[in-house]
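You will see chain A twice below: alongside chain B first, and alongside chain C after that.
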Partner chain A sequence: MMNVLLFGRLAEICGSNNYTFDLKDTDSVCDKLSEDFPEIKRLSFAVAVNQKLVVQNTELNDGDEVALMPPYSGG
Partner chain B sequence: MDGYFRRQIQLNEIGEAGQQKLLSSKALVVGAGGLGCTLLQNLAACGMGDIIIVDFDVVEYHNLHRQTLFAPKDIGKNKAEASSLFLSERYPHCHVTPVTEVFNARLALAMLADNDILVDCSDNLQVRYLMDDAARIFGKCWVHASVSKFSLQWALFRPENGYSYRNVFPVPPNPMFMGQCNTEGILGAVPALAGALQANLVLNALLGLDQTDGKIFHLDTRSGQSYTMNYEAKPAAGPANAESLLQYNYEVFCQNFNL
Partner chain C sequence: MTEEKKHKKVFVEGPITPIFIADSLAKHAAKHNIGAHSMFMGQVRADVKEDGQVVTGIEYEAYQEMAMETLHQIREDAFAKYSLTCMHIYHSLGLVKTGDISLFVFTSSVQRRAAIEACDYLVERIKREVQVWGKEILESGETVWKRPG
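This part shows the complex of A and B:
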């Protein structure tokens, strides 16, 4: 199982800032959330595994923490 | 100085040398809104020698609850000019210059080389990517912060070490689906907090105290939960020299979102 942290608009759209999934990689996490919450397909966001930014699909292991962080723009 | 800065000079990490460094430093700040008002006051109060404030916008009544450099008498006045007046009166050691124009590539090229650090206090993606690119071209570090309702992000970028905003967010978000203060609302303490954290990064960077290369920070002010995202240094995309910066169409780039 892996903990998925969501920030900002992503958390609002998905209705929580925290989900637990059992999925094989980061693409699967994004696909699962997009399937459940299609509106997030319109957002761009950075993906991190265990607090490190990943720029390609990354394999996940039990206990990993995934974070999806959109850029903010308010000032 | 005559004791004005005594309490910060007392810090071993600053001392007289650090204070002199601040007094001889020059910052270019884009945006005198919710972030900028707090940041500017912090920088001016602690002895920043020179601050250039770039803002084309004017003070409106609904700004006053969070943009605390402004009073009702400032409504309708340019924010760069109104904030400069406030800071100059209160902090005479700080030389403040208002620029009432839009921050674009031409302005960046004209002003950046002369500054020690750049700060984006705007709510504008084009400004953010332009500052990231211009900072890289000029070898300047820059400080970012932005808010979304009760949450904030902030970071220092040192392009000479391979760190840039484009490393974390290579594709600009679709502005149609981003939260903005004017559409989703904002509680003044949140951008004030972000502006103070930005000011802290500026001072740390100028004093050689920062330890934040490769990190972007996030705070949810409701839960107090913080998060640090680490990223690798790498060459960033985007214009590589002054000439290509002038040619780069940030308006198009920032609308080139993924749908």
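This part shows the complex of A and C:
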């Protein structure tokens, strides 16, 4: 199982900032959430696995932490 | 380096107060090799939205574990690039009302140029790279996710 963290507008749309999934890679996580919450397809966001940004589809292992992050807007 | 040392405290709950900022400055009085300080303070602005509603505050959230790693890297890069004596970064979490401070960057050096340039460099990188999100609270209580900027 992997813990999926959602931030900003993504968490608002998906109704939670935290989901637990059992999926093989990061694309599967994005596909699953897009199926359940089609609105997120219109948003751009970055993906991190265990606090490291990933730009390509990345294989996931048990216990991994995946984060889906809209553009940062701190400061 | 221990985790505690590596990750200096950055996130504070609520606004960064003028007293906190003054205290931070006062703490450097004993460091007699410093000849210049530079500070940046980001203040929550009462933006007016398209429908005429005014922003009354911003609520901040962060992916703290990742943000601390990112900040560590930014800090290392700044120390490598500029000749700094000290560097401090503070960012608010939770609600910060209009007029209050949500970001405080403070650099010190022997000569002024390094402090000024490093402060500017840090602010730009923090805004672009650190995993923080702000949600603007409007007069009606409605919320709008802040745009990167």
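What we mean here is this: the second predicted complex is superposed on the first by the 71 of 75 C-alpha atoms of A that agree within 3 Å, B and C clash if a C-alpha of one lies under 4 Å from a C-alpha of the other, contacts with A are read in each partner's own complex, and residues count from 1 in each chain.
We adopt the following convention: contacts are C-beta pairs under 8 Å (C-beta built on N, C-alpha and C of every residue); 3 or more make two chains touch, one makes a residue touch a chain.
For clarity, every value in this text was computed on a predicted model and none was experimentally measured.
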_Quick one: is A:R42 in contact with chain B, with chain C, with both, or with neither? Answer first, second, both or neither._
first
Counting residues of chain A touched by each of chain B and chain C, the higher count belongs to B
Inset, instruction - Go through the superposed model and pick first if A:Q51 touches only chain B, second if only chain C, both, or neither. - result: both
Note: overlapping chain A surface for chain B and chain C spans 5, 7-9, 48, 51, 67, 69-75
Within their complex, chain C touches chain A through residues 42, 60-63, 65-66, 69, 91, 102-103, 123, 126-135, 145-149
The residues of chain B that touch chain A in their complex are 31, 33-36, 121-125, 145-149, 151-153, 167-169, 171-181, 184, 186, 191, 216, 218, 220, 227-232, 257-259
Residue positions on chain A within touch of chain C in the complex are 5, 7-9, 12, 48, 51, 67, 69-75
Per the touch rule above, chain A residues touching chain B in the complex are 5, 7-9, 17, 39, 41-44, 46, 48, 51-53, 67, 69-75
